[in-house]
Structures are given as structure tokens and as C-alpha cells.
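Shared chain: chain A. Partners: chain B in the first complex, chain C in the second.
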Partner chain A sequence: MTAKPKTIWDKLEDIPREILYGLLLVCIIVPMLFPIGFPVPISAEVKRWYDTIEALPAGSVVMVDFGYSGGGEPELAPFAVATYAQLFRKADIKVVTMSTASEGPLLWEKAMTELNIARFGKEYGKDYIHIGYIAGTETAMAAVGKSISATTTTDYKGTPLSKYSIMQGVDSAEDFALLIEYTTGGDQSEGWVRQWYTSYKTPYLCCVLAMMVPTMLPYQKAGQIVSVVSGAQAGQIEILVKAPGRGVKSADVITVTHLLCIALVVVGNIAYFGKKFSGGKS
Partner chain B sequence: MSIIMKKSVPIALVFITAVIFLLEYFVLPTELKSTVTMLQNWGIILTAFTLGFGAVNMFVFHGKQVSRRAKGQWPYSLWLLIILVLFTLVGVIMGATSTQYSWLYNSSYFALSATVYSSLGFYMTSGIYRALRAKNAESALLLIVGVIVLARNAPALAAQFPILVNMDSWLSSVPTTSAQRGIMIGAALGAIALGLRTMIGRETGFLGQTTEGEKGG
Partner chain C sequence: MELASVVQIWLAALFTIWIYSIAFRDNPFFKFAEHTFVGAAAGHSLVYGVDNIVRYGWAPLTAGNILYSIVFILGIIMYMRYHKTYFWVSRVPMALIVGIGIGLTLRSTVTSEFIAQIISTASMKVLGLDAWAAFSNLIFIIITLATVYFFIFTFPKAQGGRLSLISTIARYGMMAAFGYSFANTVLSRFNMIFGRIDFLMNTWLVLPYAMLALPVVLILVIYAMIPAEKRPWPKTKK
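== the complex of A and B ==
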């Protein structure tokens, strides 16, 4: 008994995964090597993020949580770097960073290197600081909100916080004008709402992985988060901040890969219906 | 160990701690602030301790795998132990913020972690192609919504067809948010029930293994 030869519909309905992976690889590599320069429209969420930072008055202190792990770095770091550029361009804004992820301090250093912080003339300990990884996630958020000095006495390098002028008069959530979160974890992104927004009404900007955005939207709609964005929107903030980087470069890749996915969905459905109407079973 | 030490004392500790936190949050924020701060710091220290404890546990478990030459496992266990020792030594001797430790992290774990996460894109492409088929009304709906969201998230398409932004905005604001709210409210009610049951000793999962008699309730 010989097997029935495969029709064109059969072949199109079940394209081998190796071909799909190959096509995706081409769609990633080609726009990276030869940028197309597709337009990058600014979404309302990213504009709100940018405007919130722009509206910070001089003398404001901002808390940033570097709460992502290495896997999320390619998506979240470009957004974080562009936001730091915006913060550091503003006069007299102090930035206190902490990490609710153990890899946070290392990834923060990496981001600072990418940012080339020297060009902003900002000084560590005076204009910005990293107070280290604080274990416990929501417990850490709540404790830091109550008192930083009671929670940790050193920065991420182990130097006493009392040696840094930036920490003078900064101890609890009430001293911060804004909270910014970059995370790959739902515990962190939702935890800040519970521990800081609910208790202290600290305005909160939240940057998460694209797949996490739907879970965070109810908080934004309820006014508990000013803006929820995904790291994939980094190109938009880079354009607003006028600091093009990895985000703008990846916008072309995102467009081309998404077009590939749509094309594959169309092909799959044409094959499905083609087979169905030509008498084959699907 | 007596049932009092095994069950009653832990439940009493949980109950007292929970009452202190609830009182501080809702009734006496100023009066109980220092007590709660102290308890939270204990929590942070305990969490940090569990990280170290986890490393020791991993060392013991994989050490046994190597010493027993567990088939198909021991080379991986040995490799894990080598990396564990290497990171620990460099971190302790040179410092966790040293150039050497950063180099080690960036050129090994970070690169691998980013690669593994990025590889999801390949599986998702294959999954989208195979799953989004209009086989019935439900899957047709999923297909339409999926294509709209895909198209909207392609920056160039969103710029070319602004209607996609409006459609995605409606999808996010109405069906997605309302469904997500339902899930969140349900989970929150469940968490409250679980919290209350734990407080009064009806939920004993946190006590570890107990006999049926010890579980009670």
C-alpha cells in the first residue's frame, strides 16, 4: 500500500519547523544588517511616560527598580537606558536605584556602561546611586518604603550610605516623586502597586515584557499606574529622548518579524480552506 | 517532636505576625511602624538566607549525583558544581561587583539566559502558524484578534494604518482588562481566604509534611 502523495495544500498546511525557523532568522538578521528605517509611531502610553518624567520639578528624587533578569535584558534594557538619559538630562534630578532581582546590580552596571554616563556630568553618590539587591520582593518594597536606612546601610558596592550626599533627607517612599520599575516578574510589577502606590500614592511608571502588559492594564485603567509600557516600545522613548539606540534598531526587526507571522497565518489558513474545499480532510 | 512544637507554635506565630501586619496597615500605622519594620527586615534576612541555603542544598543534591555516578545525570551535576564553586569563589574573593565577576556573569550566564529567552520567538512563530486557523467560530475570533494585535505591534503597520491602534486600544481596554480584572479579583478573594485559613490553622501546607492526625481542622 503506497502512501497518498502530498498535495500543495498538505505541504502549505504543515510547513516544517526548520523552514519557519530559517525564515524567522532571515527576518531578524537582514533588517539588523541593512536597516530599513520604518517609521516608529509614538504610542499614548510611551508619550505619557515621557511627559511624566518631563513634568518632574527640580529637586525631585526618583526611585528606580532594576528588577529584571538576564533573559529580559535585550527587551527591557534599551527602555531603561533611554529613560536614564531623559532623567540625567534634566537639571537637579536625583535617581536612587535598587534591585528586587538578584542580577539587578550587574545588569544596572551594564546599562550604565551603555548609557555612557560621563557625558551627562553626573556623579555617583551625589546625583545617582544603587542601593543594591534587596531580597524578599514585596517585603523589600514595603521595608524600603518605610525606611531605606532601616533596611540597608550600604550601597551595592558595600560602601555606607551615610557617605553619599544623595541620601541626605531621602529615607522613605514619601521622599520620592516618582517610582519607575523595569521587571520580568509579575510579583515585582504588581507588588509596587500594593506596597508603594496604595500606601503612599507614589506615581508609578511600569515597564514590563510585552507578554506581561495585559496583566498590568487593569492597574493603569484604575489610575494606580501612570503608564504601562513594554520593553519592545523602547524605540519610541529613544525617539522622544533623541537618543537612538538598540530600541530604534530593533523596531525594523519587530516590524519584519511580525509581518512574517501574519504572512504565515494567512498561508496556513489558505492551505486549511484549500484542502477543505478540494475534498481533503483537515 | 511534639504536636505543640510541630503545629501549634508555628500557627500561633503566623497568627500573631499576621495580626501585627494587619493592625499596622489598617489601624495603627504609626504605633506599630517600628515593629513591622523589624519584622520585614527579618523577612529580608530570611529570604537572603534561603538563597544561600538553596545553594548548599543544590551542592549536596548534585554532589550525591556525582558520587553515585547517576546515569545520564552526573556529568551535568559535575558541571553545575564546577560553575557553582567558580562563581562563589570569584564573588567571595574578588567581590560580587568586581570586573572579574561581571565578566564571568556577562560572558556566561547572561549570554545563555538571553539566548534561551530569545529562542522562544522561534517556538512562538511556529505556534502562531499552526494555532491561528479558522477551524470554528472560537478559533476564528482568536485568529482575528491575534492578527490585529500582531499588526498593531509592528511599528510600521501601526504608523500606516492608525485604525489598528484604535482597535488594539479597544481590545486592551475592554475585553482584556475586564477579563483580567475578573481573574485578579478572583485570585485576590482566594488569597484572602487562604490567608485567613492559614492564620487560624486550617491551612497547614506551610508546616511541611504532617500526618493526617496532626493536620486536624
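== the complex of A and C ==
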């Protein structure tokens, strides 16, 4: 029995993945080599994120959870770096960072290198600190909210926290003016709502992977999170902070790759309906 | 640049190319990268596990906080699950872990995930807003009610006849939400690919000899994608 020859609709419906990924690669590399400069409009969420940090009074202490894993680094790191730049430009703001993901401290070091922290004249232990990876996710959040000193006695390098001036007078969630979260996990992003916002009413900014945004939006709508953004919006915060980096660079690539996606959806639909109307099975 | 950083960048670049090569075809380089990644991740977790025991258990215990010995005893009891007769003892620490987790979560779940969400939805306005906001809120309310109906009233009479309209609205609403989630997932994936290619182009390829190495690496990966029996070399035994 001979197989029926493939029609044009069959071929369009079954484009080899090598071609699809090849096209995707071209759509990523070409805009990187020849930037198009698509505009990066600022969304209401990113503006609210920026304004919340701008409104912090001098002397505020901010808690940051560097809770993403290596897989989320390309998306979340540019947003984190731009936000640190905004925080460090403000006078007299102290930033305490912790990690609810085991890779957090390593990725935080990488982000600090990318930020080139020396240009802000900030000092480790006086203006900012990383208190390390604290295991337990939600139990860690609850424990840190209750008492940092009872939860951990050292920073991520193993140096006692008592040696750092930044930790003087900072111990529980009530000492923090703002909570900022970068995460690739739903347990973390929702856990902070339960353990910090609900218990202490700490204003909460949440940066997650784009795919997690729909899950987090109801919390923003209910006023439990000030702003929910995705790492893909990094270009917007970089523009607001006036520190263009990876986020702005990715705007062209993201736009072109999405245009490819739309084109492929159209091709798929043409093949589907073409096959249907030419009498073939759809 | 320090030698350690250069080695790190080269390894990261090679592993990136090998891992992404699966998008085109399975090959031994991908397998090697995949197995190395799994091994490295397991090793990393083990180191952090030991570090956590030292940091949160051993250090306070040796500092004189005798209560931490209970934690160690509970931890050791966990391993009783491998004992044929006394495996049930391991359920005690497990029950404690689950109990603490549930207790911590539940103390605020009702407030944060039920009451706050219900208040937020119930207080939505449809009148006295601009047309777009009113329309948007109206759609939100209709789809929320229809979806709640869809999952609560599951018996056939509640889903048939004219009432099937409610289920249809709920299904379309959920499909729209899943579509939005999927579109965001695609966006996340593209961002990840961009991040790695940006690393290859702006961190790796700027290093000495990287430009020369790139075609060699790509040729080797493409060669490895050819099925073993069709490769001119090395010959596979039949």
C-alpha cells in the first residue's frame, strides 16, 4: 500500500521543528546584530513599582528576596539589577537581601557584579547585605518575619551578622518599609503574601516569570501586592532608572520573535482551514 | 580576566550550545550536558543541605542551645523508614513537618486567599466608571460567577438545557485565561533563550579564540546529530 502524497496543507501543518527553531534563532540573532529600536512603552505596573521605591523615605530598610533559580536568571536578573540601581541611587536606603532558593546567593553575586556596585559608593555590611539562603520557603519567611537574629546568625559568607552595622535595629518584618521579591516559584511569590503582607502589612513588590503573572494578578487586584511585574518588563524599569541594559536590548528580540509566533499561528490556521475546505481531514 | 572566570565562561558557553542542540536533534553532546547538569544540581543541593544542618542545627547546638538536639534526633528518626520493623517511627518527624507547614500556611490562607479575593471581586464597580473599565469589570464579574457555577454545580441538570450557556461562558473564560498563561510562558521561554544567546555573543565570543571555536563546536554538534549507523566515523558494531 502506497502512502498518500502530502498536500501543501499537510506540509504546512507539519513544518519540521528544525526549520521552526532555525527561524526562531534567526529572529533572535538578527535583531541583536542589527538593533531595530522598537519603542518600550512603560506599563502602569512598572511605573507603580518605580514610584513605590522613589517614595521610600530616607532611613528605610528594604527586604529583597533573591529567590530565583538559574533557569530564571536571564529573565529576572535584568529587572533585579535595575531595581538595585534605583535603590542604591537613593540616599540612606538600606537593603537586606535573603534567598529562598539555594542558588540565590550565587546569582545575587552575579547580579552585583553586573550592577558594578562600586559606582554607587555603597558598602557591604553598612548599606546592603545578603543574609544567605534560608531553607524552608514559607517557614523561612515566617521565621525571618518574626526575628532574623533567631533565624540566622551569619551572612551568606558565614560572617556573624553582629559585625555589620546595617543589622543594628533591624530584626523583624516590622522594621522593613518594603518587601521586594524576585522568584521563579509560586510558593515564594504567594508565600510572602501569606507570611508578610497578611501578618505585618509590609508593602510588597513582586517580580516573577511572565508565565506566573496571571496567577499573581488577583493578589494585586485585592491590594495585597503593590505591583506585579514580569522579568520580561525589565526594559521598562531600565528606562525609568536611566540604566539601559539587557532588558532594553531584549525588547527588539522579544518583539521580532513574537511576530514570528503570530506568523506561525496564521500559517497553522491557513493550513487547517485550507485542508478542511479542500476536502481533507482537518 | 582571571583564568577561573575564563574557564567558567567557556564551560557555560559550551554547555549552553550542547543543551539547546536538543531543539534540533538528540545527540551525545546534549546527553553529556544533561547528565552533567543533573549531577551538578544534585551535588549543589547536597552541599547546601549539609551547610543548612551546620548553620541552623549544629552551630546553635554547639553554642549551648541544647533544645536543638531534639531537631537532630527527629532528623535521625527520619531514616527509620529504611528499617523493616520500625519504619513507622519515621512518620513522627514527617507528621511534625507537615503539621508545621499546614499550620503556618493556614493561619493566613483564609484571609489572603479567600476573604481578600472575595472582597476584591465583590467590591468591583460597574457604574460610575469610564466605559472601558465598566465593560472590563462586567466581563470579570460574569466570568467569575460562571466559573464558580461551573465547578460547584456539576450535576447534569445544572449543566444542561439553557443553563449550559453558563458552562459555555465559563469554558470560554477559562480558555482565555489559559491562553493568556500560555502566551506568557512563550514570552518567558523567549526571554531565557535571549539571555543565553546574549551571553554567548557578548560574553563568550568576545574572548580570544572563541570565534574560532564556535564553528568547530557547531560542526561537531551537527555531526553528532547524524544517527550513529550513518556516521562515516566512528563505525558502530552491528
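Note that in this section the second predicted complex is superposed on the first by the 280 of 282 C-alpha atoms of A that agree within 3 Å, B and C clash if a C-alpha of one lies under 4 Å from a C-alpha of the other, contacts with A are read in each partner's own complex, and residues count from 1 in each chain.
The working rule: contacts are C-beta pairs under 8 Å (C-beta built on N, C-alpha and C of every residue); 3 or more make two chains touch, one makes a residue touch a chain.
Given the structure is predicted, the values throughout are model-derived calculations rather than measurements.
Of the two partner chains placed around the shared chain by superposition, chain B and chain C are both touched by A:G71. When the shared chain is aligned, no partner comes close enough to touch A:A173: not chain B, not chain C. In the superposed model, A:K146 makes contact with chain B only, not with chain C.
Of the two partner chains, chain C is the only one touched by A:I29; chain B is not. In the superposition on chain A, A:H258 makes contact with both chain B and chain C. Once chain A of one complex is fitted onto chain A of the other, the partner contacts of A:G268 are limited to chain B, with no touch recorded for chain C. With both structures placed on the common chain, the touch criterion links A:P214 to chain B and to chain C.
Contacts of A:V81 after superposition on the shared chain: neither chain B nor chain C is touched.
In the superposition on chain A, contact is made by A:P41 with chain B only, not with chain C. Looking at chain A, you'll find residues 17, 21, 24, 71-74, 102-103, 135, 139, 142, 151, 199, 210, 213-215, 218, 221, 232, 254, 257-258, 261 touch chain B in one structure and chain C in the other. Of all the residues in chain A, the ones that touch chain B in their complex are 15, 17, 20-21, 24, 38-41, 43-44, 69-74, 102-103, 105-107, 109-110, 134-137, 139-140, 142-143, 146-147, 150-151, 156-158, 199, 210, 213-215, 217-218, 221, 232, 235, 251, 254-255, 257-262, 264-265, 267-269, 272-273, 282. For chain A in complex with chain C, the touching residues are 17-18, 21-22, 24-25, 28-29, 32, 71-75, 77, 102-103, 132-133, 135, 138-139, 142, 151-154, 190, 193-195, 197-199, 209-215, 218-219, 221-224, 230-232, 246, 249-250, 253-254, 257-258, 261. The part of chain B that touches chain A in the complex is made up of residues 25, 33, 36-37, 40-41, 43-44, 47-48, 51, 95-97, 101-102, 105-106, 109-110, 112-114, 116-118, 121-122, 125-126, 128-130, 132-135, 143, 146-147, 150-151, 153-160, 162, 165, 169, 172-173, 176-177, 180-181, 184.
Residues of chain C that touch chain A in their complex: 23-25, 44-45, 48, 52, 55-56, 59-60, 100-101, 104-105, 108-109, 111-113, 116-117, 119-120, 177, 180-181, 184-188, 190-199, 201.
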